[in-house]
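Only one structure is covered here, and it is reproduced in the block below.
Letters A, B, C and D name the chains as they come in the text, with residue numbers starting at 1 for each one.
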């Protein structure tokens, strides 16, 4: 059984086809990298998988379960989590509250209008743990507005991990980071256990190639090449459209 | 006498007046994304200015132009000194325009008193003319011509001039317009003045039909709102179509369903909004 | 500057009293009259005239009624019922006024009538709601202006008997005042053999009357009952639309205060009103002169109504020797007032506190360049029940949108 | 410190009819409480959900009309209260389903249209609403045998409801659902990806907001013994919105302060300032321009600045209540 299976996915905006009959098959526990030049449709593919965009045609399966008709919020409950290329946090809240919201999303407690959120010790313990996991335990009470860019990237990942996903989609987790910050984030990602399948979009080849087991190359919404690290790097089409530049 | 034909032509007349009122409202809405709740006040203010100017001996048309300019100036002051500070904060803009409309209404009451003031139909347009063998108030026919002329002038400005191109670009995509170096803030001021001026001008033009009285602002604002919702914001053609649609709805609705007069006006607005929730404001959505 | 004793002036004077010893004030407690009027919003036109009327009256009396100084306390209702309630509470509970003049609109009065009755405060209102002096009377209510239909019933009589009209279309705002006016007209007109073909009800806020104007044809005349600024708009659009039918109007439709705003389009309109500025009596001439002198305008119903309220209060209080302590005595005295000379001519009150007086049928004309009303017939001693028997009248439902129904 | 202030405030509120003197001022205080409840309810949508509505007076009015109709057909106070609340919730549900089709300005405009339609019905559906003249009730109901006829009695009853509303708001804001609602306001997309049903969250918030508007509407009916189309008008919605925004959206005290400000202007200042409408308008404009976050947060900010200026080296006082232990 595959962890994530995408079949014949198509999407157009107006007349522009941004996703052309994309097929993707990710094995459980795999580390998959998706690369491609700007405008290749990588983030669109993520948005289609998470349901933030509706596909025109095609289907998606998560561990054998059909996702195609599930609304975006249900997909989260089925074990799909993601981070955003453009950091999407709750700016007025503390890091702890950000992660708490992430935890709450999958808990029935989210509908509770009566209890105090800051008295839910189990929830808070989990949230602290999720922050500690990305090395931000000491900043739990700090508002997002007073943190660095690198720290915010890690909060993004902490929020996704807090959801205990089966499949995790990372959208350019290294974008805009300094060398030190990259190392921190890479450590976090490398520490994610194997029961979480990871699909990552990344531009930074040095870090990405080190991480990836299989690579998919997208170009103009189409899968051009797919294979192991070595296969993809050696492929002439890859060199032509991507590495050659 | 053919009631339906009369109603149709009256719809067109009211549509013409509404177009003068709402073209500016629509541009402001489209460009600045603010529901300018002072727009009815601009209409009323223009009408009162017109009354005073006519009282000083100016001719009707000159008074209408001057009143339009006066209101445009007022609009410019409001934009520069108040709205300018609140760009992007819709809530604040709603509040501030509402507050200003309170103030304008009260100042008008103070200055011009509570009595309704009638505006004489300009000489030469008094009485009625025969169209298709039926008598129509000449002045109303004139309003149709004025509306069409102003629509054409606005269209020429938007479509044929550099300024117009910039406005269109900024309506379509404000962020991109900024990137390509358009001074969006100057456009805001210009469009706000233009919208206010048109509303003020419309106030004088509407004077001979509606007369001027406290509360005129609140009578006109919802109509402008309906026009813009039906026609879509930021589009001249939209306001033109919207104005005539509202003119028709209003006239036929009143004649056919008098009990539901308000529902007939606002239900179409609701339906459009509900069925095309992003269609009309979609460009603003991220 | 005219004498205006509103609250600010009063505060100023009492502040002065705090520093300078003024024993006279303590000895002669002022009579407190509360005025509920509208000074902001769309109804302000009538409200401001009300204030002018009562201010002129107090000026004429040097702020003294029955030997006591008068303190006028003004509450701006903002033209809405909740505001009226609050201002009524302010006047009654905080300021403890002896009586209230106003309010203007029926919906304002209806919002406070129970409250005012519970506090036994006499209220002299202009609001014309029929049932206030008919099916739901308030024992503390006095109305010197009349019910909605009180002018229309004689107008219908005149239309049918003198003008010999056989069929009319009525048009009036879509609210109780409109229904009651046209109901009264219809009952009397049809009783005299006339026929009301159609009743049109434009909403109170109607920027454009043309959809209705297009339906006016095939009858002898049009009866309109508009109020506020609507008569202006209506007459203008009526003329513009080229409708040639004669126009009959009610009290507010042809109100004399509108004379300065009307144009030639209104010439020839025949209206019925409890007040006419051309009434040739010493009191009215004095009143009109005062209004022209102080405010530069011919007075209409609102100013006259409040001036007359002043006269009523004065007559009653003089009978009581200026004593306002017993409110039941005050209301009794108010309702017993019978004046032979007033701006509206002679009048007295029926047992509901509603006026019985003259209704004037006037034609709007241009004389020496000015628009004026010329009285063409008077109906003296007109009661709210017209010539109907009171008991029968009160058994009928109140005039409404569909009552009396149209006869096909 | 805070507890002491709270206790003193409660004591002052509870004893107000004894020291305020005239019953007129007791009535004004009652009005403030009623409008504060209304504004608190509105604030759920405007402040915490980020949905600006200009149609909420319709919900306020529905409760008042429903209550008046039930009272006049002879029903007891329990049925009146339940009926009015149910009617409000039903209408709120319809409003929410329609309005939530849009976002931002679209949402505002739909609420305007809905409010205007409600007003048109109140004004025109004469057999039900008595049109322009409105509906009166002869006497205030006496819940559980307690007469509300006197000004202090109604004040105390309103105060109890008001305190319940404030506590309910405070609990709501600090709850997981409150956090979800604010999350849906700030990052709706993210919330969906986190597994939240943003639409349902907003829908429920709309109902909660509508419920308190209805409660305020019913109290308004008890207070005025009267309801008319002007209660439902656009200007009434706008006024309530002004209270919330002027006081400070998304705060507990803001809407209360806004309600007090507006009522003081309308009921008290109007007696001394003839042009009170102008002054009210000017106050709103000034608040927006100089204290864009609202009166309460603005004053807090100013106080902080003053404190900071006096004690330059003192650490920034932490005024956020959210992160209490």
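Please note the rule applied: a contact is a pair of C-beta atoms (placed from the backbone, for glycine too) under 8 Å apart; a residue touches a chain by one contact, two chains touch by 3 or more.
The structure displayed is predicted, hence computed values, not measured ones.
Engineer: By C-alpha centroids, what is the most central chain here?
Structural biologist: Of all chains shown, the one whose C-alpha centroid lies nearest the global centroid is D.
Engineer: Is the number of contacting C-beta pairs greater for A-D or for B-D?
Structural biologist: By the number of C-beta pairs in contact, the winner is B-D.
Engineer: Would you kindly tell me how far, in whole Å, the mean C-alpha position of chain B lies from that of chain A?
Structural biologist: Taking the average C-alpha coordinate of chain A and of chain B, the gap between them is 49 Å.
Engineer: How many angstrom lie between the CA centroids of chain A and chain D, rounded to a whole number?
Structural biologist: Comparing mean C-alpha positions, chain D is 42 Å from chain A.
Engineer: Measuring centre to centre with CA averages, how many angstrom lie between chain B and chain D?
Structural biologist: Each chain's C-alpha centroid was found; their separation is 33 Å.
Engineer: Roughly how many whole angstrom separate the Cα centroids of chain C and chain D?
Structural biologist: Here chain C and chain D have centroids separated by 37 Å.
Engineer: Going through chain C residue by residue, note those that touch at least 2 other chains and give them in order.
Structural biologist: Answer for chain C, listing residues that touch two or more other chains: 40-41, 174, 203.
Engineer: For chain D, which residues are shared contacts with two or more other chains?
Structural biologist: Within chain D, residues 123-124, 277 contact more than one other chain.
Engineer: Using the touch definition from the top, which residues of chain B touch two or more other chains?
Structural biologist: 105-106, 218, 261-262
Engineer: Pick one for the touching-chains graph, please: line, ring, star, complete, other.
Structural biologist: Topology of the interface graph: other, matching no listed pattern.
Engineer: Applying that definition of touch, give me each pair of chains that meets it.
Structural biologist: Here the touching pairs of chains are A-D, B-C, B-D, C-D.
Engineer: Give every residue of chain C touching chain B within the complex, in rising order.
Structural biologist: Checking each residue of chain C against chain B gives 40-42, 44-49, 174, 200-203, 205-208, 210-212, 214-215, 217, 228-229, 232-233, 236-237, 240-242, 257-258, 260-263, 297.
Engineer: Over in the complex, which chain D residues touch chain B? Could you list them?
Structural biologist: Residues of chain D touching chain B: 46, 52, 54, 98, 101-106, 108-110, 112-114, 116-117, 119-121, 123-125, 234-235, 238, 241-242, 245-246, 249, 275, 277-278, 280-285, 287-289, 292.
Engineer: What does chain D use to touch chain C in their complex?
Structural biologist: Contact set of chain D toward chain C: 22-25, 27-28, 31, 123-124, 126, 131-134, 136, 138, 151, 220, 224-226, 228, 230-231, 266-267, 270-272, 274, 276-277.
Engineer: Along chain B, where are the residues that touch chain C in the complex?
Structural biologist: 1, 3, 6-7, 10, 13-14, 105-106, 109, 113-118, 120-121, 127-128, 135-137, 139-140, 208-211, 213-215, 218-220, 223, 250-252, 254-255, 258, 261-262
Engineer: Write out the stretch or stretches of chain D touching chain A in their complex.
Structural biologist: Residue positions touching the partner: 171-172, 174-180, 182-183, 186-187, 189-198, 208, 322-324.
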